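One chain, chain A, appears in both complexes that follow, with chain B as partner in the first and chain C in the second.
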Partner chain A sequence: MKLCAFIRPASLSAAHENLRELGREGMILAGGTALHFMQDHTPVTAVDIMSLGLSFIREEGDYYNIGATTSLADIQRYRAPRWAMHEICRRISTHQIRNISTIGGNICRVFPWADLPVILLAMDARMVIYTGSDEEEFPADEYFKEQPAKRFLDGNILTSVKIPQLKAHHGFGSIKVVRAEAAFAQVTIAALLELDGSTIKTARVAAGGAIPFPRRLPSVEAALGGQQANEETFKEAAAQADADVTWRGREGMTPEYSRHLAEVTIYDALERAAAFARGRNE
Partner chain B sequence: MSKTTVVGASPVRVDGLAKVMGSAQYVDDLDFGPGLLHAVVVESTQAHAKLKKVDISAAEKAPGVVRVITGKDFPFTFGLYMHDRYIFPQDRVRFVGEQVAAVIAETPEAALRAAKLVKVHYEPLPAVLSLSDALKKDAVLLHPKLDTYARVPWFYPQAGTNIAHWRKTRKGDVEKGFKQADYILEDTYTVPRYAHCPIEPHAVTGLYDLSGRLTLWASSQSPFAQRNVMAIALKPLGLSHRDIRIVTPYVGGGFGGKAGVSMEIIAAVAAIAMKGRPVKLHWTREQEFMNTSQRQGVIARVKMGVKKSGEIVALEHTLHWDAGASAEYGANVVNAVGLSATGPYRVPNVKIDSVCVYTNMPPCGAYRGFGYSEFHFGLESHMTRVAQAIGMDPVEFRRINAIREGDTLAYGAPMNAGDLQGAIDQVAKEIRWGKPVKSKKSNTAIGKGLACFWKAPAMPPNASSAAFLKFNEDGSLNLTVSGMEIGQGFLTVMAQIASEVLTVPVEKIRVETPDTDRNPYEWQTVGSHVTWSCGNAVRAAAEEVKAKLLATVGRARKLKVKDLYLADECVKSRTDATFSMPFREFVIDGIMQPKGNFIGGPIQGSGMFMPEFTSALGDPATSQGGHPNVHYTVGCAGVILEVDKETGKTTILKAALAIDAGKAVHPELVKGQIVGGIVQGLATALYEDIRYAPNGRLLNPNFTDYKIPTALDCPQEIVPIILETPQPDGPFGARGVAEHTMIACAPMVADAIADAIGVRLQTMPLTAEKVALALRGIDYDEVKGDNLGFCFRGRPCDYSFSIAGQ
Partner chain C sequence: MMKNPQTVTFTLNGERKTFITRPDEKLLDLLRREGYKGTKFGCGQGTCGACTVLMDGRAIYSCLLYSMQAENRDIRTIESIGTHDKPSEFQQELIAAGAVQCGYCIPGMIMSAEALMKAEKTYPEEVVREYMDGNLCRCTGYEKIWDALQTVLARREAANKAKAKS
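Now for the complex of A and B:
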């Protein structure tokens, strides 16, 4: 992208109008760190939405509602009962980047290495999009079905992300494997377990990193449903790591190692989720 | 050694405040006004090709462009030790990224746009991208005119081959030694290329003024070497040494990458092309990776023979180095290793072949450690394996063979003082060697590793230093030297040495960064040698100033000089406790006499240092007869680490390093070197992983894809240990302690991984992937693919080279 002009609209509706008029020549600016990876020379006008009051984290009913321009650093620092988002946010890039990178910017255009989509898929989060006249909510499965950037071509703006509040019978765990701490993920896995006693009632397991696009792993989930939440179950489920996806070489890794790492990481994420359900909350 | 007060203390760095406040200036900070022009280079897309035509017509007509220069304008070669590098290629390009032309324009954007309009017509040639291809009998030659290049007399290029230099060292009778051995182990180790990764990329602004004076403001470790190289290369243009001036402000890291000359000469010719206007050339991060120099990759074959008693009786060490398209600096790395590849051990029978090979890859050169990190990986891994094979503790094996003062080095000269035994003992104690640690986690294992190291500065025998000192009216001092402050604290150390002699506090001594017009000579800031070499020059200058202070006061006050001494910025008398003459009262204005006249005058001094005992003129077939190295610094490092048996990930729990500094002039800076060296060494061992495409294109020339560690990746605990066995010819006993601190990292990590989980890695980097796959019985060489560091292609055991005459 080649930034040719800059607009800071005073309201959400004005931003929507600006973006609608600009069409493909407009680009939402919500942190801007992704610009580094958009190195074509298409001239664009940046529409800065950082001053529209979209930086917040609120408890709303059964959800935590996170404003789209909330920085990853703010999410990392936030604490609430059974809050789990900080765990992944502190592993994304560096402090300097997390101070300016936002949750909205992170998931409006999804790069293969992105971590948050993995988390949001496992969490069954809901994305709220302003369409100019009202707001629409999209569940994560639908939102991340394909590249979300396509949803914003007509001026629509992501305004917030709603994270379900985890209950006592929920276990959540996420693991990001990196070569060096500030590196992109080799593999990221997130798992949400809904437990009935020691039995897994439902499971949502998502993956990212060494696959083309973040996605859920239904075969892993199927291996968990109705089973006891124990080591044996987790191992059997993790063994399904490549049932739904083909793991690629990434970050210098061979496909063989990616696949192995995925299996190990699925197991670790499930262990962490089980520990979360037992009361551990980092 | 006499007791010191300032040397051995750790005063605040003289450059500390400026750097903390952000007022320290680097080349890119300098303001050259609105007349500044900007240069952008056009780079080769081919690894090896004939250069048919460089069409600059469209670029010349582009808006804002003032000039486009090519090899037709400047058909010159250059080089530090051998003139095998072209400012712009003439008949062929030799690596992807080689600069074919430079566009000079009013703005960087205009230059960048126009550079894309330069059309380069190539006729591809077979590219030599591996050592085995380069060493084939009928290999394509990168430098058909190799035998015509000017070079130093101790380089031995092999005409008609791709061998730029071949250092042979022979001591005793290696075949006889192997016959005496009870056990022989032979194996291969590979180390890929690495990038320097200074935070500040290369930057130069050049001005060729109307009087014919060429001034370069450069981010450089080598202002005088650069002046010399450029004066020789640009002599056909009528330039000589007196016409060239190099000014170097603070440098944001070098690690060897800013030694010698690389892109600076393009800025020089761009400035010459635009007489009267300054021209700036600033490398991007991508260019910093591929278009300055890299650390050479090496394939090392080690054969060691030992007695049951643990005594090493023979060592054959054969190293083939991937120098890239030019070896003008890299061949000296190869040379240095060829002299020292026994490591810090007493070996009676030695055969070392260190072979510098051209390939169609980016040129390599100096990198922190100058080849020692590379060869220590194989040698120290081998030491542990040999010890274990004969049932001996690896630390005890090292103790038995550790070199001592007076032992005969591989090239025949005697070893200098140094407490390697003490270093081994202290590190072994620190990591509780011999006491296994069991992990509390079921999926991890803990291992320990220990490795010794040594290194000598690799310099020409006449690499010298000089210093000027002059007093100011208030008794403060200006010290000018041309060693470079590259973050290591050089300026502070020089101030300490002057302060120690003259009793002027460090904070009253201003040490200036180099300007070849104003500052005295220094060869280069490389090889961890400036504390020793330039420190000697500063001490000599300070002694000259001291002598003048005493003589002036003695003459003016009619006192015996032998009764006078310096203390507290005054000249004092041993025979008259009441006598005290502050420096500030006479160092400029002199001392008034009863008749109103003055004795004395501005007091200043100069000092120089030349290691007069060195000689590079050994026998080319054996290296015997010369004395190429000034001294070795020795030490030992150890590590405790944890390996995740599932992911293969290694976590460093503790690292300890002991080094014999001779005398730590500034102990806190020495500790800083130890911590920094360990982190950089661990980065090369665990994180950095350069990758090339099969066509020779660098795939990860950025910090997104080429990872260096952050604070979060650092060991949980680092223990620096300083030993002090004085270096007799060092200032206050000091010797170098900089590069050395990263040398042992890779082998100690490899040993500790093997100790933890039984997996022996012989190819760097020691990634989690290699560990995990090995644990699962998967052969990494089977699955690794093509887009990997050049030295990783094929199987290490397949690397065998037959070179005529070896």
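Now for the complex of A and C:
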């Protein structure tokens, strides 16, 4: 990809119009960090959306609404009751990149190593997309069903991400395993548990890194529902992940090593989520 | 001759300037072309930190920013920090600690430390590591750079505390 022109639209509707007219020759630019790594040399026009007022974090009803061009650094630094997004943002790359990279850029085109889709799948987030005349919301399960980049070919623009506020009996845990501090994930796991006393009422668990595309782990979730939130349950549930995905080897790891690493990480994420939920109950 | 020339205007080291650039030119390349060669080209892919500059007070990799993205922003390079005759506090401590070998990473290290000292009032190790872990040094093993920085931070933290008391 080669930038041949640069447009700074004055409004969201103008940006949509620019992108619609440009078609495949247009490219939304927010933080822009990913664009430097696109290997093809197709000439494109960058449509810069950084000045359109899409950098914000707001409490709106039962959600935190995060503007699409909000930097990962701002999400990392934000603090509020029942806020759990800062942990994973601290683990994404280096602080120089977090200062530029945006939540929207991380999820408009999903790379296999992306961490945020894993988190948003577990959190049951909702993505808000501007279509030129309207805004449409997509639950994470639908949004991440396939490569989301396809959704933006006709000029549509991701405007915000809505994260449900965790309730008192909810617990969230995310773990990213890396070889070196700022490296891409070997495996990333996120878990959301809803507890009723010591019983798991509902669970959402998602994985990324050692699989081609981030996804939920329904077999793990099924093994958790209705069970006691304890070590034994978490171990048994973590062992079910093989039914959902085939772990792949990479960076010197064998598939078997990835599988074992993922199983251990699922267990740890569940422990963390349960501790979070218990802490909230106290 | 530059293909597809455009202009970009931003504040560079306190002075508002307009530059001719190309849509695909990186800020790093623009800065070095314009003579700001203290900002180093290292990996060119946002890993080593040698090209770190401040944008609106925050450290960024200038190799991962298109120059056009700097429009109306405040950019600071190593040239704004100290001079040969009047080095900054951290630069003086780096010299005193013998922390510089080839020196290629040092401008980036200094800019990350600047971002840290501008943004934070206290400097727990975890926070310092967070600000500095995007800068690699292949010569020194980091120890002396770390020591020099800790000397400056300890002094600043004590001064901040004294100021808060008075």
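Criterion: the second predicted complex is superposed on the first by the 279 of 282 C-alpha atoms of A that agree within 3 Å, B and C clash if a C-alpha of one lies under 4 Å from a C-alpha of the other, contacts with A are read in each partner's own complex, and residues count from 1 in each chain.
The definition used in the following text is that contacts are C-beta pairs under 8 Å (C-beta built on N, C-alpha and C of every residue); 3 or more make two chains touch, one makes a residue touch a chain.
Computed from a predicted model, the values in this text were never measured in an experiment.
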Now for A:141: first (chain B), second (chain C), both, or neither, which partner does it touch? neither
Touched partner set for A:242, first chain B, second chain C, both or neither: neither
So in the superposed three-chain picture, is A:94 touching just chain B, just chain C, both, or none of them (first/second/both/neither)? both
Looking at A:264, would you say it contacts chain B, chain C, both, or neither? Reply first, second, both or neither. first
On the A-aligned overlay, A:17 touches which partner chain: chain B = first, chain C = second, or both, or neither? neither
Of the two partner chains, chain B (first) and chain C (second), which one does A:177 touch, if any: first, second, both, or neither? first
Applying the touch criterion given at the start, work out whether A:252 contacts chain B, chain C, both or neither, answering first, second, both or neither. first
Going by the contact rule set out at the top, does A:2 touch chain B (first), chain C (second), both, or neither? second
In the superposed arrangement, which partner chain does A:48 touch: chain B (first), chain C (second), both, or neither? second
Check chain A for residues that touch chain B in one structure and chain C in the other, and list them. 36, 94, 181-182
Where on chain B is chain A touching in the complex? 646-647, 649, 687, 689, 691, 700, 704-705, 707-710, 712-713, 767-769, 772-773, 776, 778, 780, 783-785, 788
Applying the document's contact rule, which stretches of chain A touch chain C when the two form their complex? 2-6, 8, 29, 32-33, 36-37, 45-46, 48, 50, 73, 90, 93-97, 99-100, 181-182
Residues of chain A touching chain B in their complex? 36, 94, 177, 179-184, 249, 251-257, 260-261, 264-265, 267-268
Spell out the residues on chain C that touch chain A in their complex, using ranges where they run on. 4, 6, 23-24, 26, 45-47, 49, 52, 55, 58-61, 63-66, 68-69, 71, 112, 115, 130-131, 133-134
